[in-house]
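Labels run A, B, C and D following the written order; every chain starts at residue 1.
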(Lines give C-alpha, C1' and ligand atoms only; values in the text may rest on other atoms or scores of the structure.)
Protein backbone atom coordinates (compact mmCIF):
# COMPACT_ATOMS: atom_id res chain seq x y z
CA UNK A 1 0.00 0.00 0.00
CA UNK A 2 1.17 3.58 -0.64
CA UNK A 3 2.89 5.40 2.23
CA UNK A 4 1.78 8.81 1.00
CA UNK A 5 -1.69 9.89 -0.03
CA UNK A 6 -2.40 12.19 -2.94
CA UNK A 7 -2.52 15.13 -0.51
CA UNK A 8 0.72 14.12 1.26
CA UNK A 9 2.48 13.97 -2.08
CA UNK A 10 1.02 17.24 -3.27
CA UNK A 11 2.18 19.00 -0.11
CA UNK A 12 5.66 17.43 -0.29
CA UNK A 13 6.11 18.55 -3.90
CA UNK A 14 4.87 22.05 -3.17
CA UNK A 15 7.40 22.39 -0.35
CA UNK A 16 10.44 20.80 -1.96
CA UNK A 17 9.94 21.40 -5.67
CA UNK A 18 7.78 24.55 -5.82
CA UNK A 19 8.88 25.26 -9.41
CA UNK A 20 7.67 21.78 -10.50
CA UNK A 21 4.42 21.83 -8.58
CA UNK A 22 2.20 23.34 -11.23
CA UNK A 23 3.63 21.27 -14.10
CA UNK A 24 1.96 18.01 -13.21
CA UNK A 25 -1.21 17.67 -11.15
CA UNK A 26 -1.59 14.40 -9.27
CA UNK A 27 -5.13 13.07 -9.71
CA UNK A 28 -5.05 9.78 -7.80
CA UNK A 29 -2.67 7.43 -5.99
CA UNK A 30 -3.45 3.72 -5.76
CA UNK A 31 -1.58 0.58 -4.77
CA UNK A 32 1.32 0.70 -7.20
CA UNK A 33 -0.37 3.21 -9.50
CA UNK A 34 -0.48 6.97 -9.93
CA UNK A 35 -2.53 9.11 -12.29
CA UNK A 36 -1.59 12.68 -13.14
CA UNK A 37 -2.35 15.40 -15.67
CA UNK A 38 0.17 17.76 -17.28
CA UNK A 39 -1.57 21.07 -18.05
CA UNK A 40 -1.01 22.41 -21.54
CA UNK A 41 1.52 25.18 -22.06
CA UNK A 42 2.04 26.99 -25.38
CA UNK A 43 5.81 26.30 -25.29
CA UNK A 44 5.06 22.57 -25.66
CA UNK A 45 3.80 23.11 -29.22
CA UNK A 46 5.88 21.87 -32.12
CA UNK A 47 5.50 22.32 -35.90
CA UNK A 48 2.38 20.45 -36.97
CA UNK A 49 0.39 21.44 -33.86
CA UNK A 50 1.62 18.62 -31.63
CA UNK A 51 3.20 18.48 -28.18
CA UNK A 52 6.98 18.18 -27.94
CA UNK A 53 8.57 14.82 -27.26
CA UNK A 54 10.67 16.17 -24.38
CA UNK A 55 7.50 17.41 -22.62
CA UNK A 56 6.17 13.84 -22.68
CA UNK A 57 9.54 12.40 -21.59
CA UNK A 58 9.58 14.78 -18.65
CA UNK A 59 6.02 13.79 -17.78
CA UNK A 60 6.89 10.06 -17.84
CA UNK A 61 9.90 10.73 -15.66
CA UNK A 62 8.11 12.85 -13.07
CA UNK A 63 5.05 10.63 -12.67
CA UNK A 64 7.36 7.67 -12.04
CA UNK A 65 9.22 9.73 -9.43
CA UNK A 66 5.96 10.65 -7.74
CA UNK A 67 4.82 7.02 -7.81
CA UNK A 68 8.09 5.89 -6.21
CA UNK A 69 7.72 8.60 -3.55
CA UNK A 70 4.14 7.52 -2.90
CA UNK A 71 5.23 3.92 -2.37
CA UNK A 72 8.46 4.33 -0.37
CA UNK A 73 7.86 7.67 1.34
CA UNK A 74 9.58 11.03 0.86
CA UNK A 75 13.05 10.11 -0.51
CA UNK A 76 14.32 13.05 -2.48
CA UNK A 77 17.39 11.38 -3.88
CA UNK A 78 15.86 8.65 -5.99
CA UNK A 79 17.28 9.14 -9.50
CA UNK A 80 16.32 7.94 -12.96
CA UNK A 81 18.67 5.27 -14.30
CA UNK A 82 16.96 4.57 -17.62
CA UNK A 83 13.94 5.60 -19.64
CA UNK A 84 12.54 4.08 -22.83
CA UNK A 85 9.75 5.91 -24.62
CA UNK A 86 7.73 5.17 -27.75
CA UNK A 87 5.65 7.88 -29.41
CA UNK A 88 2.55 6.49 -31.09
CA UNK A 89 0.21 9.26 -32.07
CA UNK A 90 0.44 13.03 -32.21
CA UNK A 91 -1.02 14.33 -28.96
CA UNK A 92 -3.65 17.03 -29.28
CA UNK A 93 -2.57 20.53 -28.19
CA UNK A 94 -4.12 20.20 -24.71
CA UNK A 95 -3.47 18.59 -21.33
CA UNK A 96 -1.96 15.09 -21.24
CA UNK A 97 -2.96 12.36 -18.78
CA UNK A 98 -0.34 9.88 -17.55
CA UNK A 99 -0.99 6.65 -15.70
CA UNK A 100 2.06 4.99 -14.12
CA UNK A 101 2.03 1.38 -12.87
CA UNK A 102 4.82 -0.18 -10.82
CA UNK A 103 6.24 -3.35 -12.35
CA UNK A 104 8.86 -3.82 -9.64
CA UNK A 105 9.68 -2.16 -6.35
CA UNK A 106 12.92 -3.62 -5.05
CA UNK A 107 15.44 -2.35 -2.52
CA UNK A 108 17.64 -0.82 -5.21
CA UNK A 109 15.42 -0.35 -8.24
CA UNK A 110 11.86 0.59 -9.07
CA UNK A 111 10.46 0.07 -12.57
CA UNK A 112 7.21 1.52 -13.87
CA UNK A 113 5.26 1.53 -17.09
CA UNK A 114 3.64 4.83 -18.08
CA UNK A 115 0.77 5.27 -20.54
CA UNK A 116 0.03 8.77 -21.77
CA UNK A 117 -3.16 9.95 -23.47
CA UNK A 118 -4.70 13.27 -24.40
CA UNK A 119 -7.30 13.96 -21.71
CA UNK A 120 -10.02 14.06 -24.35
CA UNK A 121 -9.22 10.59 -25.81
CA UNK A 122 -8.31 7.08 -24.71
CA UNK A 123 -5.81 6.45 -27.52
CA UNK A 124 -2.28 6.11 -26.16
CA UNK A 125 -0.02 8.87 -27.48
CA UNK A 126 3.15 7.60 -25.81
CA UNK A 127 4.28 4.73 -23.63
CA UNK A 128 7.37 4.72 -21.43
CA UNK A 129 9.22 2.31 -19.18
CA UNK A 130 11.18 4.10 -16.48
CA UNK A 131 13.74 2.77 -13.97
CA UNK A 132 14.64 4.61 -10.78
CA UNK A 133 17.51 3.84 -8.46
CA UNK A 134 16.58 3.98 -4.78
CA UNK A 135 19.29 5.16 -2.38
CA UNK A 136 20.45 2.60 0.25
CA UNK A 137 18.67 2.77 3.56
CA UNK A 138 15.50 4.38 2.21
CA UNK B 1 27.90 14.06 -46.73
CA UNK B 2 25.85 16.61 -44.79
CA UNK B 3 23.54 18.91 -46.76
CA UNK B 4 23.75 21.69 -44.20
CA UNK B 5 26.86 23.16 -42.62
CA UNK B 6 27.09 24.18 -39.00
CA UNK B 7 26.29 27.76 -40.02
CA UNK B 8 23.33 26.73 -42.24
CA UNK B 9 21.88 24.78 -39.35
CA UNK B 10 22.47 27.53 -36.85
CA UNK B 11 20.70 30.05 -39.09
CA UNK B 12 17.78 27.68 -39.77
CA UNK B 13 17.27 27.06 -36.05
CA UNK B 14 17.48 30.76 -35.21
CA UNK B 15 14.78 31.53 -37.80
CA UNK B 16 12.37 28.67 -37.14
CA UNK B 17 12.90 27.83 -33.49
CA UNK B 18 14.16 31.08 -31.95
CA UNK B 19 13.12 29.97 -28.46
CA UNK B 20 15.27 26.80 -28.80
CA UNK B 21 18.27 28.49 -30.35
CA UNK B 22 20.14 29.34 -27.18
CA UNK B 23 19.50 26.00 -25.49
CA UNK B 24 21.93 23.95 -27.53
CA UNK B 25 24.95 25.33 -29.35
CA UNK B 26 26.09 23.35 -32.38
CA UNK B 27 29.87 22.95 -32.32
CA UNK B 28 30.57 20.81 -35.38
CA UNK B 29 28.82 18.86 -38.12
CA UNK B 30 30.55 15.92 -39.79
CA UNK B 31 29.54 13.07 -42.07
CA UNK B 32 26.86 11.43 -39.97
CA UNK B 33 27.93 13.13 -36.75
CA UNK B 34 27.06 16.29 -34.85
CA UNK B 35 28.59 17.75 -31.70
CA UNK B 36 26.78 20.28 -29.54
CA UNK B 37 26.91 21.84 -26.07
CA UNK B 38 23.96 22.57 -23.82
CA UNK B 39 24.77 25.62 -21.66
CA UNK B 40 24.08 25.24 -17.97
CA UNK B 41 20.91 26.77 -16.53
CA UNK B 42 20.13 26.85 -12.79
CA UNK B 43 16.69 25.27 -13.37
CA UNK B 44 18.45 22.06 -14.51
CA UNK B 45 19.71 21.45 -10.95
CA UNK B 46 18.21 18.62 -8.92
CA UNK B 47 18.67 17.59 -5.28
CA UNK B 48 22.24 16.35 -4.87
CA UNK B 49 23.70 19.01 -7.21
CA UNK B 50 23.17 17.12 -10.45
CA UNK B 51 21.48 17.98 -13.75
CA UNK B 52 17.91 16.79 -14.31
CA UNK B 53 17.25 13.71 -16.40
CA UNK B 54 14.70 15.49 -18.59
CA UNK B 55 17.30 18.14 -19.51
CA UNK B 56 19.56 15.35 -20.83
CA UNK B 57 16.64 13.63 -22.59
CA UNK B 58 15.78 16.89 -24.31
CA UNK B 59 19.43 17.33 -25.30
CA UNK B 60 19.60 13.81 -26.80
CA UNK B 61 16.40 14.48 -28.71
CA UNK B 62 17.41 17.85 -30.11
CA UNK B 63 20.92 16.89 -31.20
CA UNK B 64 19.46 13.94 -33.11
CA UNK B 65 16.96 16.29 -34.76
CA UNK B 66 19.75 18.67 -35.73
CA UNK B 67 21.83 15.76 -37.07
CA UNK B 68 18.90 14.53 -39.18
CA UNK B 69 18.37 18.08 -40.49
CA UNK B 70 22.07 18.37 -41.31
CA UNK B 71 21.96 15.13 -43.31
CA UNK B 72 18.64 15.45 -45.17
CA UNK B 73 18.19 19.21 -45.33
CA UNK B 74 15.67 21.48 -43.63
CA UNK B 75 12.68 19.20 -42.95
CA UNK B 76 10.77 20.63 -40.04
CA UNK B 77 8.34 17.78 -39.62
CA UNK B 78 10.67 14.93 -38.70
CA UNK B 79 9.38 13.58 -35.38
CA UNK B 80 10.82 11.39 -32.65
CA UNK B 81 9.35 7.89 -32.66
CA UNK B 82 11.38 6.40 -29.80
CA UNK B 83 14.13 7.28 -27.36
CA UNK B 84 16.06 5.05 -25.00
CA UNK B 85 18.37 6.68 -22.46
CA UNK B 86 20.68 5.31 -19.77
CA UNK B 87 22.04 7.55 -17.05
CA UNK B 88 25.50 6.48 -15.90
CA UNK B 89 27.06 9.15 -13.73
CA UNK B 90 25.82 12.32 -12.12
CA UNK B 91 26.70 15.18 -14.45
CA UNK B 92 28.51 18.10 -12.92
CA UNK B 93 26.48 21.32 -12.56
CA UNK B 94 27.85 22.84 -15.78
CA UNK B 95 27.46 22.64 -19.55
CA UNK B 96 26.95 19.21 -21.16
CA UNK B 97 28.51 18.09 -24.44
CA UNK B 98 26.58 15.71 -26.72
CA UNK B 99 27.97 13.80 -29.68
CA UNK B 100 25.40 12.18 -31.97
CA UNK B 101 26.32 9.54 -34.56
CA UNK B 102 23.94 8.25 -37.23
CA UNK B 103 23.52 4.47 -37.19
CA UNK B 104 20.97 4.45 -40.00
CA UNK B 105 19.54 7.02 -42.39
CA UNK B 106 16.73 5.39 -44.35
CA UNK B 107 13.83 6.85 -46.28
CA UNK B 108 11.45 6.52 -43.35
CA UNK B 109 13.64 6.30 -40.25
CA UNK B 110 16.85 7.73 -38.92
CA UNK B 111 18.54 6.25 -35.86
CA UNK B 112 21.35 7.86 -33.89
CA UNK B 113 23.41 7.09 -30.83
CA UNK B 114 24.15 10.01 -28.51
CA UNK B 115 26.92 10.17 -25.91
CA UNK B 116 26.76 12.94 -23.33
CA UNK B 117 29.63 14.14 -21.11
CA UNK B 118 30.26 17.07 -18.84
CA UNK B 119 32.43 19.45 -20.86
CA UNK B 120 35.17 19.20 -18.24
CA UNK B 121 35.41 15.39 -18.37
CA UNK B 122 35.41 12.51 -20.84
CA UNK B 123 33.34 10.15 -18.68
CA UNK B 124 29.96 9.45 -20.27
CA UNK B 125 27.12 10.72 -18.07
CA UNK B 126 24.32 9.44 -20.30
CA UNK B 127 23.86 7.51 -23.53
CA UNK B 128 20.78 7.57 -25.71
CA UNK B 129 19.51 5.86 -28.85
CA UNK B 130 16.99 8.00 -30.70
CA UNK B 131 14.75 7.17 -33.68
CA UNK B 132 13.21 9.82 -35.90
CA UNK B 133 10.52 9.32 -38.49
CA UNK B 134 11.15 11.18 -41.73
CA UNK B 135 8.08 12.44 -43.61
CA UNK B 136 7.51 10.97 -47.09
CA UNK B 137 9.02 12.93 -49.96
CA UNK B 138 11.71 14.61 -47.87
CA UNK C 1 -11.15 -7.36 -33.99
CA UNK C 2 -8.61 -10.09 -34.76
CA UNK C 3 -8.59 -11.52 -38.29
CA UNK C 4 -7.26 -14.89 -37.14
CA UNK C 5 -8.55 -17.03 -34.30
CA UNK C 6 -6.33 -19.00 -31.97
CA UNK C 7 -6.84 -22.07 -34.15
CA UNK C 8 -6.16 -20.20 -37.42
CA UNK C 9 -2.90 -18.91 -35.96
CA UNK C 10 -1.90 -22.28 -34.60
CA UNK C 11 -2.45 -23.92 -37.98
CA UNK C 12 -0.58 -21.14 -39.83
CA UNK C 13 2.43 -21.47 -37.54
CA UNK C 14 2.46 -25.26 -37.78
CA UNK C 15 2.52 -25.01 -41.58
CA UNK C 16 4.99 -22.19 -42.06
CA UNK C 17 7.23 -22.40 -38.99
CA UNK C 18 7.05 -26.07 -37.96
CA UNK C 19 10.31 -25.80 -36.01
CA UNK C 20 8.89 -22.91 -33.94
CA UNK C 21 5.49 -24.44 -33.35
CA UNK C 22 6.24 -26.31 -30.14
CA UNK C 23 8.23 -23.47 -28.57
CA UNK C 24 5.30 -21.23 -27.73
CA UNK C 25 1.73 -22.40 -27.24
CA UNK C 26 -0.96 -19.82 -27.97
CA UNK C 27 -3.58 -19.86 -25.22
CA UNK C 28 -5.96 -17.10 -26.25
CA UNK C 29 -6.39 -14.32 -28.79
CA UNK C 30 -8.47 -11.24 -27.95
CA UNK C 31 -9.00 -7.80 -29.44
CA UNK C 32 -5.47 -6.49 -29.44
CA UNK C 33 -4.20 -9.09 -26.99
CA UNK C 34 -2.60 -12.51 -27.12
CA UNK C 35 -1.68 -14.90 -24.33
CA UNK C 36 0.84 -17.70 -24.78
CA UNK C 37 2.96 -20.11 -22.76
CA UNK C 38 6.57 -21.10 -23.46
CA UNK C 39 7.13 -24.67 -22.25
CA UNK C 40 10.22 -25.20 -20.12
CA UNK C 41 13.31 -26.71 -21.73
CA UNK C 42 16.43 -27.68 -19.76
CA UNK C 43 18.67 -25.67 -22.10
CA UNK C 44 16.98 -22.47 -20.84
CA UNK C 45 18.59 -22.94 -17.42
CA UNK C 46 21.37 -20.60 -16.34
CA UNK C 47 23.66 -20.62 -13.29
CA UNK C 48 21.50 -19.94 -10.23
CA UNK C 49 18.57 -22.03 -11.51
CA UNK C 50 16.93 -19.29 -13.56
CA UNK C 51 15.76 -19.05 -17.17
CA UNK C 52 18.06 -17.39 -19.71
CA UNK C 53 17.45 -13.82 -20.76
CA UNK C 54 17.55 -14.68 -24.47
CA UNK C 55 14.76 -17.26 -23.98
CA UNK C 56 12.55 -14.47 -22.59
CA UNK C 57 13.61 -12.05 -25.34
CA UNK C 58 12.67 -14.64 -27.94
CA UNK C 59 9.34 -15.18 -26.23
CA UNK C 60 8.55 -11.43 -26.18
CA UNK C 61 9.46 -11.22 -29.86
CA UNK C 62 7.41 -14.21 -30.99
CA UNK C 63 4.25 -13.38 -29.06
CA UNK C 64 4.31 -9.90 -30.58
CA UNK C 65 4.69 -11.45 -34.03
CA UNK C 66 1.76 -13.76 -33.38
CA UNK C 67 -0.33 -10.86 -32.10
CA UNK C 68 0.44 -8.82 -35.22
CA UNK C 69 -0.47 -11.82 -37.40
CA UNK C 70 -3.71 -12.27 -35.48
CA UNK C 71 -4.66 -8.63 -36.06
CA UNK C 72 -3.60 -8.08 -39.68
CA UNK C 73 -3.81 -11.61 -41.07
CA UNK C 74 -1.06 -13.96 -42.28
CA UNK C 75 1.80 -11.62 -43.28
CA UNK C 76 5.01 -13.55 -43.01
CA UNK C 77 7.34 -10.67 -43.65
CA UNK C 78 6.62 -8.44 -40.69
CA UNK C 79 9.97 -7.86 -38.98
CA UNK C 80 11.07 -6.64 -35.56
CA UNK C 81 12.49 -3.12 -35.66
CA UNK C 82 13.17 -2.65 -31.96
CA UNK C 83 12.79 -4.44 -28.65
CA UNK C 84 13.28 -3.13 -25.13
CA UNK C 85 13.21 -5.59 -22.26
CA UNK C 86 13.56 -5.24 -18.49
CA UNK C 87 14.23 -8.26 -16.29
CA UNK C 88 12.66 -7.92 -12.87
CA UNK C 89 12.75 -11.20 -11.01
CA UNK C 90 14.41 -14.54 -11.59
CA UNK C 91 11.84 -16.75 -13.32
CA UNK C 92 11.29 -20.16 -11.79
CA UNK C 93 12.64 -23.12 -13.81
CA UNK C 94 9.27 -23.88 -15.44
CA UNK C 95 6.97 -22.64 -18.19
CA UNK C 96 6.61 -18.89 -18.72
CA UNK C 97 3.35 -17.11 -19.57
CA UNK C 98 3.41 -14.04 -21.82
CA UNK C 99 0.58 -11.58 -22.35
CA UNK C 100 1.02 -9.15 -25.25
CA UNK C 101 -1.13 -6.03 -25.68
CA UNK C 102 -1.13 -3.84 -28.77
CA UNK C 103 -0.40 -0.18 -28.06
CA UNK C 104 -0.52 0.84 -31.72
CA UNK C 105 -1.42 -0.83 -34.98
CA UNK C 106 -0.61 1.54 -37.80
CA UNK C 107 0.00 0.96 -41.50
CA UNK C 108 3.76 0.77 -41.08
CA UNK C 109 4.35 -0.06 -37.42
CA UNK C 110 2.81 -2.14 -34.68
CA UNK C 111 3.89 -1.70 -31.06
CA UNK C 112 3.06 -4.07 -28.22
CA UNK C 113 3.77 -4.36 -24.52
CA UNK C 114 4.54 -7.85 -23.23
CA UNK C 115 4.32 -8.97 -19.59
CA UNK C 116 5.92 -12.29 -18.68
CA UNK C 117 5.28 -14.33 -15.52
CA UNK C 118 6.08 -17.81 -14.31
CA UNK C 119 2.86 -19.80 -14.81
CA UNK C 120 2.74 -20.54 -11.10
CA UNK C 121 2.90 -16.86 -10.01
CA UNK C 122 1.50 -13.46 -10.93
CA UNK C 123 4.73 -11.54 -10.27
CA UNK C 124 6.14 -10.09 -13.50
CA UNK C 125 9.54 -11.58 -14.32
CA UNK C 126 10.14 -9.46 -17.41
CA UNK C 127 8.45 -6.72 -19.39
CA UNK C 128 9.15 -5.86 -23.02
CA UNK C 129 8.08 -3.27 -25.56
CA UNK C 130 8.37 -4.57 -29.11
CA UNK C 131 8.00 -2.74 -32.43
CA UNK C 132 7.29 -4.54 -35.70
CA UNK C 133 7.48 -3.08 -39.17
CA UNK C 134 4.58 -4.08 -41.41
CA UNK C 135 5.35 -4.47 -45.11
CA UNK C 136 3.51 -2.08 -47.48
CA UNK C 137 0.26 -3.36 -48.90
CA UNK C 138 -0.40 -5.84 -46.10
CA UNK D 1 42.57 -3.13 -18.02
CA UNK D 2 40.90 -6.51 -18.57
CA UNK D 3 41.45 -9.19 -15.93
CA UNK D 4 41.01 -12.03 -18.42
CA UNK D 5 42.68 -12.40 -21.80
CA UNK D 6 40.93 -13.79 -24.86
CA UNK D 7 42.36 -17.23 -24.06
CA UNK D 8 41.38 -17.08 -20.37
CA UNK D 9 37.82 -16.23 -21.37
CA UNK D 10 37.69 -18.90 -24.03
CA UNK D 11 38.84 -21.56 -21.56
CA UNK D 12 36.42 -20.37 -18.87
CA UNK D 13 33.47 -20.52 -21.28
CA UNK D 14 34.47 -23.96 -22.58
CA UNK D 15 34.57 -25.31 -19.00
CA UNK D 16 31.45 -23.68 -17.56
CA UNK D 17 29.20 -23.22 -20.58
CA UNK D 18 30.29 -25.95 -23.01
CA UNK D 19 26.96 -25.81 -24.86
CA UNK D 20 27.44 -22.05 -25.51
CA UNK D 21 31.08 -22.25 -26.47
CA UNK D 22 30.68 -22.78 -30.19
CA UNK D 23 27.91 -20.20 -30.60
CA UNK D 24 30.08 -17.12 -30.29
CA UNK D 25 33.81 -16.99 -31.01
CA UNK D 26 35.74 -14.32 -29.15
CA UNK D 27 38.11 -12.55 -31.53
CA UNK D 28 39.72 -9.91 -29.33
CA UNK D 29 39.53 -8.39 -25.86
CA UNK D 30 40.67 -4.80 -25.27
CA UNK D 31 40.35 -2.25 -22.49
CA UNK D 32 36.60 -2.04 -22.17
CA UNK D 33 35.93 -3.66 -25.53
CA UNK D 34 35.32 -7.14 -26.88
CA UNK D 35 34.91 -8.35 -30.45
CA UNK D 36 33.27 -11.66 -31.32
CA UNK D 37 31.74 -13.52 -34.25
CA UNK D 38 28.59 -15.62 -34.22
CA UNK D 39 28.92 -18.41 -36.80
CA UNK D 40 25.97 -18.84 -39.12
CA UNK D 41 23.50 -21.63 -38.44
CA UNK D 42 20.63 -22.53 -40.80
CA UNK D 43 18.08 -22.31 -37.96
CA UNK D 44 18.77 -18.55 -37.74
CA UNK D 45 17.14 -18.01 -41.15
CA UNK D 46 13.77 -16.26 -41.35
CA UNK D 47 11.42 -15.67 -44.28
CA UNK D 48 13.12 -13.25 -46.66
CA UNK D 49 16.59 -14.81 -46.18
CA UNK D 50 17.54 -12.83 -43.11
CA UNK D 51 18.82 -13.77 -39.65
CA UNK D 52 16.31 -13.95 -36.81
CA UNK D 53 16.02 -11.08 -34.37
CA UNK D 54 16.36 -13.36 -31.34
CA UNK D 55 19.70 -14.67 -32.66
CA UNK D 56 21.01 -11.09 -32.69
CA UNK D 57 19.50 -10.36 -29.25
CA UNK D 58 21.24 -13.42 -27.87
CA UNK D 59 24.50 -12.31 -29.47
CA UNK D 60 24.24 -8.81 -27.95
CA UNK D 61 23.53 -10.35 -24.56
CA UNK D 62 26.36 -12.88 -24.61
CA UNK D 63 29.07 -10.52 -25.86
CA UNK D 64 28.18 -8.09 -23.06
CA UNK D 65 28.41 -10.96 -20.57
CA UNK D 66 31.81 -11.94 -21.92
CA UNK D 67 32.98 -8.31 -21.80
CA UNK D 68 31.87 -8.00 -18.17
CA UNK D 69 33.67 -11.26 -17.34
CA UNK D 70 36.80 -10.00 -19.08
CA UNK D 71 36.78 -6.81 -17.04
CA UNK D 72 35.82 -8.07 -13.57
CA UNK D 73 37.04 -11.67 -13.71
CA UNK D 74 35.09 -14.94 -13.72
CA UNK D 75 31.77 -14.07 -12.01
CA UNK D 76 29.18 -16.53 -13.19
CA UNK D 77 26.20 -14.89 -11.59
CA UNK D 78 26.13 -11.54 -13.37
CA UNK D 79 22.65 -11.24 -14.90
CA UNK D 80 21.08 -9.07 -17.59
CA UNK D 81 18.79 -6.41 -16.17
CA UNK D 82 17.79 -4.70 -19.41
CA UNK D 83 18.43 -4.81 -23.12
CA UNK D 84 17.41 -2.38 -25.84
CA UNK D 85 17.98 -3.35 -29.46
CA UNK D 86 17.33 -1.62 -32.77
CA UNK D 87 17.37 -3.56 -36.04
CA UNK D 88 18.59 -1.44 -38.94
CA UNK D 89 19.29 -3.60 -41.95
CA UNK D 90 18.60 -7.21 -42.86
CA UNK D 91 21.76 -9.15 -42.02
CA UNK D 92 23.12 -11.37 -44.77
CA UNK D 93 22.71 -15.12 -44.19
CA UNK D 94 26.25 -15.56 -42.83
CA UNK D 95 28.30 -14.97 -39.68
CA UNK D 96 27.68 -11.79 -37.66
CA UNK D 97 30.38 -9.72 -35.97
CA UNK D 98 29.64 -7.95 -32.69
CA UNK D 99 31.73 -5.26 -31.05
CA UNK D 100 30.83 -4.42 -27.44
CA UNK D 101 32.09 -1.28 -25.66
CA UNK D 102 31.68 -0.61 -21.96
CA UNK D 103 29.94 2.67 -21.17
CA UNK D 104 29.98 2.12 -17.42
CA UNK D 105 31.49 -0.42 -15.07
CA UNK D 106 30.23 0.28 -11.57
CA UNK D 107 30.04 -1.86 -8.46
CA UNK D 108 26.44 -2.85 -9.14
CA UNK D 109 25.88 -2.28 -12.85
CA UNK D 110 27.77 -2.58 -16.11
CA UNK D 111 26.40 -1.00 -19.30
CA UNK D 112 27.68 -1.71 -22.80
CA UNK D 113 26.85 -0.66 -26.33
CA UNK D 114 26.97 -3.39 -28.98
CA UNK D 115 27.27 -2.85 -32.73
CA UNK D 116 26.57 -5.82 -35.00
CA UNK D 117 27.56 -6.15 -38.66
CA UNK D 118 27.65 -8.93 -41.21
CA UNK D 119 31.30 -10.00 -41.37
CA UNK D 120 31.41 -9.10 -45.05
CA UNK D 121 30.22 -5.50 -44.57
CA UNK D 122 30.70 -2.51 -42.27
CA UNK D 123 27.04 -1.44 -42.29
CA UNK D 124 25.48 -1.85 -38.84
CA UNK D 125 22.65 -4.40 -38.90
CA UNK D 126 21.68 -3.96 -35.26
CA UNK D 127 22.70 -1.90 -32.24
CA UNK D 128 22.00 -2.81 -28.63
CA UNK D 129 22.49 -1.29 -25.20
CA UNK D 130 22.76 -3.93 -22.50
CA UNK D 131 22.81 -3.58 -18.71
CA UNK D 132 24.16 -6.28 -16.41
CA UNK D 133 23.78 -6.46 -12.66
CA UNK D 134 26.96 -7.47 -10.85
CA UNK D 135 26.53 -9.50 -7.67
CA UNK D 136 27.81 -7.88 -4.44
CA UNK D 137 31.37 -8.74 -3.45
CA UNK D 138 32.51 -9.56 -7.01
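Observations
We adopt the following convention: a contact is a pair of C-beta atoms (placed from the backbone, for glycine too) under 8 Å apart; a residue touches a chain by one contact, two chains touch by 3 or more.
On a predicted model such as this, the values are computed, not experimentally measured, just so you know.
Chains that count as touching both chain A and chain B, per the definition above, are C, D. Annotation: C-D is the more contact-rich of the chain pairs C-D and A-C, by number of C-beta pairs in contact. Set against the Cα centre of chain D, the chain with the most distant centre is A. One simple way to say how far apart two chains are is to compare their mean CA positions; for chain B and chain C this gives 34 Å.
Centroids of chain A and chain C (each the mean of its C-alpha atoms) stand 28 Å apart.
Between chain C and chain D, the centres computed from C-alpha atoms are 23 Å apart. For chain A, the set of residues that touch two or more other chains comprises 81-82, 84, 86, 131.
Against chain A, the residues of chain D that register as touching in their complex are 81-82, 84, 108-109, 131. Residue ranges on chain A touching chain B, taken from their complex, read 16, 19, 43, 46-48, 50, 53-54, 57-58, 61-62, 76-77, 79-87, 90.
Here chain A touches chain C in the complex through residues 84, 86, 88-89, 103-104, 111, 113, 115, 124, 127, 129, 131, going by the rule given at the top.
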